[in-house]
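You will see two complexes here that share subunit A, one where it goes with subunit B and one where it goes with subunit C.
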Partner chain A sequence: MDEIKDVVLEYVIDEYVEEDDMEVTFDTPLISSGLVDSFSMVSLKAFLEKKYDISIPDADATPEAFDTVNSIVGIVEKHKS
Partner chain B sequence: MAYSDTRRRMFAESIDAIKEKGLYKEKRFIWSPQDAEIEVEYPEGASHEKVLNFCANNYLGLSSHPEVIKAAHDGLEERGYGMSSVRFICGTQDIHRDLQDKVSAFLGMEDTLLFPSCMDANAGVFEAILEAEDVIIADRLIHASLVDGIRLCSAEYDTFKHMDMKHLRKKLELHQDKRHRLIVTDGVFSMDGDLCPLDEMCDLAEEYDAMILVDDSHASGFIGKTGRGVHEHFGIMDKVDLITTTFGKALGGASGGCVSGRKELVELCRQKARPYLFSNSLSPVIVAATIRVIDILSKTTERRDKLEENTKRFRKGITEAGLNVREGVTPIVPVMLYNAKLANDMSRDMYAEGIYVIGFFFPVVPAGAARIRVQLSAAHENEHIDKCVAAFKKVGEKYGILGLDKKGIVEKYGM
Partner chain C sequence: MSGTRRTSKGTALSNIGSYDERLKGFDWGIAREILGWEEGDLLNIGAICSDRVCARDGAGKIALIWEGFGDRKATYTFDDLRVYSNGFADFLVGQGIEPGDRVCVFMDKIPSLYFSFLGVLKMGGIVQPLFCAFGDESLEVRLASAGTRAILTTQKHVRKVRKIQERLPSLEKVIVVAGDESKLKDGEVFFDVEAALRVEEFESHAAGPETRSVLHYTSGTTGQPKGAQHVHDSIWGQVLTTSWVLDLRDDDVYWCTADPGWVTGTSYGIIGPWALGITQCVLDSGFTSSRWYQFIQDNRVTVWYSAPTAIRSLMRDGEEVAARFDLSSLRHLTSVGEPLNAEAVVWSEKAYGLPFLDTYWQTETGSIMITNFPGMKVKPGSMGKAFPGITAALLDLRTHEPIGEPGKVGLIAFRPGWPAMFREYRGQDDVYRSKFVGAADDATPDELRTNEDLWYVSGDRSSIDADGYFWFVGRDDDVINTGGHLVGPFEIESALVEHEAIAEAAAIGKPDAVNMEVVKAVVTLNPGFEPSGDLELSIMNFIRKRLSPLAMPQEIEYVEKLPKTRSGKILRRYLRALEWGEEVGDLSTLEHD
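Up next is the complex of A and B:
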């Protein structure tokens, strides 16, 4: 469980954080804060699908569902099972 | 009644929500031709004010240039007002072909196709040339019209951090299994005024077998020694595969845009791009005037040289006055304020000082990056620029931000 959290957080930091001083945690709002825009969200979705061999339907890939690392983990778990 | 009171109320609530978020766009009316000095009615119903315009895309001051106006008149007299047709039925005149040829020669490209706007060019170009087995790799801060066009295309897409070439390299490596890779960037980014590192991008494109599309809407006519654009600035005129650009900014300022580039790619747009196929031809008036604009710019660099001098004068003045500006060389100069309310309040005070500038904040720019965007023009005279700098100094002093860096402004006003 924690492993997914850590993998997603590491990806988010590597992929989206541009300023060294910006701290991102499991609960940091990503999309509603403007850190990740909906256009750039696509790479995160593609990463999750490849990494966990899942398919996330567009209906589930909403900005709300992708807003924190914790909520993203929820989506991954839903589609892994 | 299909448009019931309930439905009306629902739409009205959507408008209220926009207002509550502070994103409502107010009406502003200009009672004069577009120029360095304009007559403005703002707010609606208020008395008209003569103000200096520092927020137009009129980079070369050609929007109301007498030669351009005369060419528009001649076009109207000689070729009529409208075409009442799309291009491929009976909407292509000799002057449409002439303009395409002139744009190709000006930009150093093989072929060009006119669109009703650059928004339409960007909406149509991707779906016309790419398919599901291809990938588009775009800078994260590209213009909204490119984003829309990419979303309309069946190709996969991915993004890279703004102007981060290491990240672009990583994405190119990731997508080596795709048939075609297309890198997409703005030449000059409209909110930050920064110039994309096109030379490095072209090197990466070669290394990883990718094509490059540049939207040069905020560059065509004035970036580069003879104003051909960002590819001229970097001395790589032959390395770019596609340029999209507008006639609605430096190149006369009316409307219209184009896709210019490799002849096969342009031909595919001619055959398949939906905004080209399903919207009317550019009016002969605009075509004739744009031809004159290209002729003027092909003969002399006087106007882009003046714009360059104006840009230097403003950047020097505003920096010495103690405002926090993003460094750069383009005539787009963001005065960074970080806080949205501060940007709004200061732009209102600037208007009271006779300077027309606009505050921009999230979601138009990233959260915490609010600014007033200043745009220089060749139509500005030294006294206009000096008045703008003096107004910024006065208003900046009122808000106590002169000499403050990002940390200082954020400590005082928050983000």
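Up next is the complex of A and C:
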């Protein structure tokens, strides 16, 4: 689980954070803060599905479920099992 | 037609009163009467939205209630709006910016966006607001087209400007208005208007009716985005539609959810409401239903102007989420950006006790053209009727003659001459001319926009019923309307083929339950590349960063060959028809093996 958290956090920072020195943690709000645009959730979902070989139904891909790295990891865990 | 409305506080007359009565002897001069504006008064949108409100006893009234993510909150009076917009105007003059120069505003919905927008107009500049989620390529195309001389941005977004600055010789000034000053690079200037000395007096530029004001970029089927140029005279159209359609009055708390990077966010998120001295709210954070409802509850929002995509997202989360909040302050709801489906109208009446009323207009029209008015019988799913003073018709798809027959589908068209009409596509007179049916080959933009024998063709199709209500059918071109924003396929395709794996590409819209359409890319690959999950993600992120999240393909289909005409042009129309399950139409020009 910790490994997934680290991978997701690194991906979010690399792909979505525009400011050079912005601190992003496992609990930093992503969607509700505007850090990740809701349209961009699609690419984040595609990354998770590919990386972990899972399928996340649209009903589970809500702004709330994708709002922090921790909540994203919860989605991944749910669909891995 | 009834001139009454339902409010949380009872029943009151709407500003428009009777639509039918307003049609009689209509004159745009009513807008001047509403503002008490007389010939000889200063005509400058920046000054009318701030100085003039203060001069008419509005200085102490709240102009802006702003909330960012977390606990960040601020309120500003009209006097603050006056002083801070003065601050930006004065600063820009000090930087050598002159009337007529294009000044881009590229930032999140922070207070300085609003102050600087008015400040640029006050000093006579042309303000060019751009959506801050644009990637560097989208930004470059628009700045190059406009010959932009200065850009106002924040530390968060300045990296994108740095990437392209050396290719933009006109861009002389990069001004950072928020963030850490110590992080600036050589040549960049920092200006925090709230920390700077208050500029109590600034003599606003004496604009004429045709003085250029706001430059918004919009997408078309072919070519790069076009700059729709507006003028200070637009304010009369924006004021009157704000009064009669949004129905704003002195004690309202109004929330327009649109970003000023798009025309709704300026015409109705800045100009119309503030010219009328209305208190506005701005929420600068990402969308969640509960956050939006909390915002309405906390600020006692009375009038709410939003978009079908947001409304459908709220619907998806259900009435029970709405029921957890006190939304009783709401009295009038309106929507824009894409057709508002009947289900959303019916649902909003159930969830909020009020229907969302659809409004229809475009970047080019500058103000609302067809709409449902307060007090008017709502036909869920209909666009409503033409605004008084607007002559709207449907033109036959083939002959371009006006259609009189109810139910028949035609092109939505308007007689030119309304105040907020765009005056040109910057540097593209031929494209401007192509929007008018019956235009002479050598007609100038000024001749076109004042010739009431012509029709301005919107590019959208609809029908009209026997009661005069318009019913949207679809676009007449390949432009993709995603979440209420128009995205040009050519711009996406141009970016797609810059990806190392892609040989050829077509971008089309595909149906989406929330956003109406999302972008789908159909591509052929260069030798040595194979379809894979990695490649798909690489292409998505490539477009997202270069153009914007809106332009990012949400699906990529790999094909051996794209359908083309015999002259080699990709047949997007064919691909789109397949995607939507529609008739593919005439394929006589299709290239065969």
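Please note the rule applied: the second predicted complex is superposed on the first by the 81 of 81 C-alpha atoms of A that agree within 3 Å, B and C clash if a C-alpha of one lies under 4 Å from a C-alpha of the other, contacts with A are read in each partner's own complex, and residues count from 1 in each chain.
Definition applied: contacts are C-beta pairs under 8 Å (C-beta built on N, C-alpha and C of every residue); 3 or more make two chains touch, one makes a residue touch a chain.
These figures come from a predicted structure and were not determined experimentally.
The superposed arrangement places subunit B and subunit C in clashing positions on subunit A.
Applying the stated contact rule after C-alpha superposition, one finds that A:Ser33 touches each of subunit B and subunit C. Once the two complexes are overlaid on the shared chain, A:Ala46 sits against subunit B and subunit C alike.
Residue contacts after overlaying the shared chain place A:Glu23 against neither subunit B nor subunit C.
When the two structures are aligned on the shared chain, A:Glu3 is found in touch with neither subunit B nor subunit C. Of the two partners subunit B and subunit C, more subunit A residues are in touch with C. Of the stretches 9-17, 315-323, 369-377 or 531-539 listed for subunit C, only 531-539 runs into subunit B once the two complexes are overlaid on chain A. According to the touch criterion, the shared surface of subunit A, contacted by subunit B in one complex and subunit C in the other, consists of residues 18, 33-35, 37, 39-40, 42-43, 46.
For subunit A in complex with subunit C, the touching residues are 15, 18-20, 29-40, 42-43, 46-47, 49-50, 63-64, 67. Remark: subunit B residues 138, 140, 147, 156-159, 161-162, 164, 362-363, 366-368 touch subunit A in the complex. The part of subunit C that touches subunit A in the complex is made up of residues 69-70, 108, 133, 155-157, 159-160, 183, 284-288, 291, 482-483, 518, 533-534, 536-537, 540-541, 544, 549-550, 552, 554.
Within the complex, the subunit A residues that touch subunit B are 16, 18, 33-35, 37, 39-40, 42-43, 46.
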